[in-house]
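In the two assemblies presented below, chain A is common to both, partnered first by chain B and then by chain C.
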Partner chain A sequence: MSAYGYDAVVIGGGVSGIMASLTLASGGFKTALVSRGDPVCCLSTGCIDVFSHSDEPLSGIRALLPDHPYSLVGEKGIKDALSFFLEIMAEAGLPYEGDPGRNRKILTPIGSTKNTCLVPRTMAHADMPPGEYLHVISFQGIKDFFPSYITSRQRNSTYSVYDAGVPTTLGIAARFDDASFLDAFITWLRGLEIPHDRVALPAVLGTIDPASVMEKISRAIGRKVFEIPTLPPSVPGLRLFRALKRVLQSRGVHLYWGKGVTSVECQGRTVEAVTLATTGRAKRVQGKAFVLATGSFVSGGLFAGRDSVRETVFDLPVAVPGERKDWFNTDFFSGAHGIERAGVRVDGSFRPVETDLDNLFACGSILAECEIMSLQCGHGLAVATGVAAAKSCAQGLS
Partner chain B sequence: MVVTFFHDMFHEESGYMIKTDVVIIGGGATGCGIARDLALRGVHHYLVEKGDFANGATGACHGLLHSGARYAVTDPEAARECIGENAILRRIARKCVETTGGLFVRLPGDSKRYRDTFLSNCEEAGISTEVLSASRALDLVPELNPSIEEAVVVPDCSIDPFRLCMLNAFTSRHKGGGILIHHKVIDIVRERGRCTGVKVLDRFTSQIKEIRAKIIINATGAWGDTLARMGGSDAPMTLSKGSLIISNHRLTNMVINRLRPPSDGDIIVPNEAVCLAGTTSIPVDDPDAVEVDPREVDLVATQAEQMLPRFGTTRLIRAYTGVRPLLKAEASDSRSISRGFKIIDHKNGMFSILGGKLSTYRLMAEKTVDAVVKEFGIKAHCKTADIPLDGQDELSGYPLSKRLKGIDNIVCECELVDRAQVENAINSLGIQYIGDIQHRTRLGMGPCQGGFCTYRALGIMQETGRLTPDESIEILKHFLQRRFRGIRPALWGDQLREEQLVESIYLGILNMGQRA
Partner chain C sequence: MTTFEHCVRCTLCVENCPVFKVNPAFPGPKQAGPDAQRFRLDGERSVDDWVKLCCQCQRCQVACPYGVNVSEIILKAQLKYSREHMSPFTAHLFANTYHLGKLGALAAPITNAVTSSGAARKVMGVLGLATNLPMPEYRFLTLNRGRRRKGKRRSSRKVVFFHGCYLGFNRPDIGRGIRDLLAGLGCRVAIPSQTCCGLPALGNSDLEIAKKFARKNARMLVEYIDRGYQVVYACTSCGLTLVHDYPEVLELPEGRKIAENTYNVHEVILDLLENDGCSVEFGEVDRTIAYHIPCHLKALGIGYPAAGVFERIPGLRTTILDDHCCGLAGSYGFKKKNQQTAEKLGTIAASAIKALEPDALISDCGACRMQLGHYTGLPALDPSEVIIASLEKGASKKSRGKRRIP
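Showing the complex of A and B:
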């Protein structure tokens, strides 16, 4: 078995794990990030929902119960973490915009709007003042995007369809990376002589540098342009993940990608190492401290059996509300299912409670009480707790 | 493209007043069987159904064509009826029946004396049996619990209830009968105490139509008493809820029964790519207000696991429940009530057919129509046992190779339904309900249970102009709510993961949730 030693080992390659790794790396710690595979943020809108239930996310958070993970981070911690995120994304070449003090709106594929906090620049113009006219561009054969849903709900809106030669969002986005395709598209678009104030497209404006693609289109037609996030597989989610991964690499975080943890070694109150499944020899990754960011059920950090919930790496105690019959209420649309509160409880320094491990920290959607779906706070919680847990971990290290 | 030839069944009837000889209420197996029987005896009729075909117990059963062995000990008469009908249906409904064969497995601790009675009663009822050693049974079904004592082979089969209804209705329509699905009876017209017609509400156009008839047949299963009361009489029944679960895999190619007295969780039936396991038996009052309790899911899963251990680890994609319309009896335990049937002549122009089971639907139809033609004073013998169901030649069956051929732009990834099939269902069948597309193409029947493809199918429906965008979103909401009801009792493991992903799409990306 080969062995590798680090100051900190982060387990889980989603938004919270990546933000924790970057925080540790910028504190000068030798950091490794272990991930079983690409994270579920690739399925998301790519936007950072901080708390979408009220127009002002921070004041909404103030009303949350004290055991919500946001309350452990505190308002200043949340703001600092979001600023750090904005800084990282600018560095990654995928600029995000937004203000933690005030939510903004994006347009959904069914023509409704949705509150979110930080958005990729390509969605910045989605928050339209009332009375403006919108023209939607769709693509021939595209799955899961039906422009008539939008035009029926948005007054003064119309749509046109472009044939990109491929029907999938990822396929079309790859075409937009190509300058000659973009030129042909722009020529077609100019020919439409759109009189509307703004032009919206499903989020397919390239996989690498969508802000430049958008600006080029916008300049050519003299209209504001924005993207509408689509159903999975989602291009903005994938862009977000890829951009974060680029920064990890440039900031010297050591990546173990596509490798799950098969066993953990503890000595007394200390986690010493994790062993990774690889195709060749098993790898033993040692660390002075560990951060658990393996996510909730969809990501596989938690697994629900018929009667109980298990944490899948350290077998930590999991807080579960009631019996299985209490996990889900009967209304699909209410959210607020009991199971959303299941997870690992942590203390003020993000150490899991009811265990005797001193050098283990947890962050992201694996935390108990986070209610991500009903509060609509997914990536915001990941950013805030990822940074906060890493800071606490860094304190322990120094 | 499985069912294109049914299209004229959905055409609008013109005018508000229709005259016929017999109106059948109920589009389950019994109602459709009666329609076919009447058609073959040359009696003009209309069938009205408030939902799609197989809307009630027919569509919510385990899809088992009984050999009768299950009833051999407790209800010998039902057993004899079953084996007789089993042979007939294998002959006349080849494309609906999969001749899987069945096993009754005896686990350690199950009574050997019961097994002896079982074998001798099967023989008396005319049900063929063959006793197999555990190792020979495991050769046939490798996933069986290896510690079984022995197994008995019986001629159980798997049957497709929905297809069975469609084919029966097809003959009726072919011979000039009227079939009106999504038409709910809102009133029974009475003149001097006699039932002379029904008023139905077309659920799509909200139009009310009146159908006048000499005889009304109440084949509404669990709703039998409600309809009989609308006609001024009653039809007392005992209603018993039976819940089932569906596994993501076909774990057995044979029907697996537990060799012990009838009890909860004693059967597993393979059906297409999945297995159904059931059932429970709980008395209920209102057939419209039944839900699966998570405890029923655990009970059935635990029992099924004893026969097929992999049932404990396989993913369950849904649970559902149906209401058995049983004949009223003194017995308090709904399992000991006869599965037999009874025809009531209400002496007011209405006949009710009560009780029975899917396996004997044809016999029930025959006896009902016998009573009706006697009332009309005509002599016409039942032919339904001799003539194979019409329309079977055109059915493709389910071979995967046929489904993959020429498939393009897939809408439902789980069941490989493409856009052309969905558009065909919408355009040529004139389908107006998302559930109808699902029944006819298998769209949404796989592991995600329509979580991804229903949004797509509705998007296509509104693009064709069949629905407005707003209507289609409303239907999507109803669908998601109904779907969730089926999934909720069996949410753990991978199915829970998938459900949270589906939630993140509708409540997250599309923001369809209700604000707290």
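Showing the complex of A and C:
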């Protein structure tokens, strides 16, 4: 059976691949997204770190070396991509807030704070002015969430515990989708007569419409309420992914989910098709252009052998800093591990360099020099380069 | 396929598990699959009775970016557990849905009257069957009692239709529609006599019965494949059994050949429209539909081919919903011990559908349609029913008297 043909085929279902697909589909191109499984964004806080290394992301980015992928996008490109993201999330019914000019703080489950840029509305009130009092609500038996960690770090805080009847974040979140559970919770919460300024809960306020759940609680007790992201499995990460996927499908992007690319077909300077390891029998997906968004090591876009690093789909040349002894810093938490800079180098149009393929583009954390861990810019880089690579791809198509 | 040692414990499978979400007794696919697998030894009796709570939707396996065969590990653990323990009566009953269907259809009016009667439902309750959902009705005019061959004899596209038990015994009208649809698009269609795909037996941990059914079908299908036929299925669970379980779980020697020659009916239709230059006119269908993706269509990894056909139907507004398991999972939800789980999941999936305020819901899987039709109160259609309605309208518009779709 012959293959189904698309204008563009995006490989990789993470934030960068999804943003690239959305950009292409919005430009009227028939787009397919192939992914060999769910992306790591499902395990993330759900927040968009644009450049959390400094308090002001855009000025921090300005100071980056010119070979960082952000420099290829440019400040205007980054701002536009982030506003596009905010529009998409509003359309998906999972509103996000934030300003690329200034980072904000969220509270972590160990009571520390963390810089980030765009946050789901349920975390908007996490940036507390000094001197305010916090009341943490935890749940009976909940895994990996210990409110005493928070109260020991945040001086003006205390906590209470609610029995949701189930100890897992996913189980509790499913219950918050149910109006009668929410009502019972609110009744209990009102009974506490919390005198403190703000109320924080682990991120379990439902899977469907958490902003409304939060507002309902907030109205009932007359306090500002916010969520604290938890360890994986992460409800806000899952919400982010599912919301993006909903918009993808409403824009007519075809998804091929769960199976990896086993081979690619090239004719001269053109990639023509990829073959997916679908159950039982391979499936060919044809495209006029391809966008590579398979991520770095954790997502399987890059694979590190003993002395070399491989790109796993097209076997593209990978830029690797020095020899293996230069890959890692002996102090793990110092950041700045050389291996973080490994990746695929692209030109100004996001085409991989040192290859002879004209219709291939790359974006996201597979790009060389991105250092998403030490610069804390994973999702922001994914959004910015995903949109930029797709725009370049669209230009190539038309 | 990688094995349990490749699991990095990222919990993406857990995020996708419907049962874990609503039933605290199930520890989730990570623990039930790769985590527990290292403690399961041949010759050591299984103690993990909770492994039977997995409904085998396979969402964990689809989500796993490392290619770990999570649900297959769990399925094999379920089989091991059942080998070592006595199976409940309901397991024997549901392993043999094919025989039940055959008998049920023969005495259709009586069967339907009995299974819907209050007394019978009380007996079912005692026997361990869930009684919240009406039992599916049987039809006397089963699919293999109708026309077994259709379409141009000399067509270059020959397909053998594996319809499965539900279309065979319960909804032969849909099966006949698909037969006529494929013939109308230029295929030579054969509907040979066939047995159950074997999935209900596997789902109820009866490997021997599953193998018996599978061997019989495999012999028949290979004969057709050798004569240049492609196998097509409409029920995505039957399809997944043919392409995945025949070679991988039941280890049939013909399994690989069958897997490589088996297609979803909408893949075939799309291919006819895209590549074979099949010219038909889709008429307007002014409807808003919620397309509930069956878990096993996701597990096939072929995308959502019916959605590709829907895009060609003018006026049809489709929303794809692929985040929820309907909760019935074949015979899973018909068992009393799973009734609560099935009810909760059915309610969750149904509220996602109802939020769209659609005119109807569509799903490729008969079990999803039964469950969600019940919980939404909406008409629950097979994709082919909408496609046929559109083509009939297009054909009558195009030329009076010269209808392309019979």
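Assume the second predicted complex is superposed on the first by the 394 of 398 C-alpha atoms of A that agree within 3 Å, B and C clash if a C-alpha of one lies under 4 Å from a C-alpha of the other, contacts with A are read in each partner's own complex, and residues count from 1 in each chain.
By our rule, a contact is a pair of C-beta atoms (placed from the backbone, for glycine too) under 8 Å apart; a residue touches a chain by one contact, two chains touch by 3 or more.
Remember, predicted model here, so these are calculated numbers, not experimental data.
Shared-chain residue A:296: touches chain B; no touch with chain C. Once the two complexes are laid over each other on the shared chain, residue contacts for A:167 go to chain B and to chain C alike. By the touch criterion defined above, A:109 lies against chain B but remains apart from chain C after alignment on the C-alpha atoms of chain A. In the superposition on chain A, A:232 contacts both chain B and chain C.
After overlaying the two complexes on the shared chain, residue contacts for A:317 are found with neither chain B nor chain C.
By the touch criterion defined above, A:45 lies against chain B but remains apart from chain C after alignment on the C-alpha atoms of chain A. When the two complexes are overlaid on their common chain A, residue A:396 makes contact with neither chain B nor chain C.
Looking at the shared chain after the overlay, A:36 reaches chain C, while chain B stays out of its contact range.
Within the superposed three-chain model, A:77 lies out of touch with both chain B and chain C [touch as defined at top]. Residue overlap on chain A between the chain B contacts of one complex and the chain C contacts of the other covers 40, 43, 167, 232, 234, 300. Only residues 10-12, 14-16, 20-22, 24, 28, 61-67, 230, 240, 242-244, 247, 259-263, 267-268, 270-271, 274-275, 298-304, 307-308, 311, 319-320, 322-323, 348, 352 of chain C touch chain A when the two sit together in their complex. Here chain A touches chain C in the complex through residues 1-2, 4-5, 32, 36-40, 42-43, 165-168, 170-171, 174, 177, 208, 232-234, 238, 242, 245, 249-250, 252, 254-260, 276-281, 283, 299-300, going by the rule given at the top. Taken in their complex, chain A has these residues touching chain B: 40, 43-45, 49, 53, 108-114, 141, 143-144, 146, 148-149, 152-153, 167, 229-232, 234, 296-298, 300, 303-306, 324-325, 327-328, 330-336, 339, 373-374, 376, 378. Across the interface of their complex, chain A is touched by residues 293-295, 298, 301, 409, 452, 455-456, 459, 462-463, 468-470, 472-473, 477, 480-481, 483-485, 488, 491-493, 496-497, 500-501, 503-516 of chain B.
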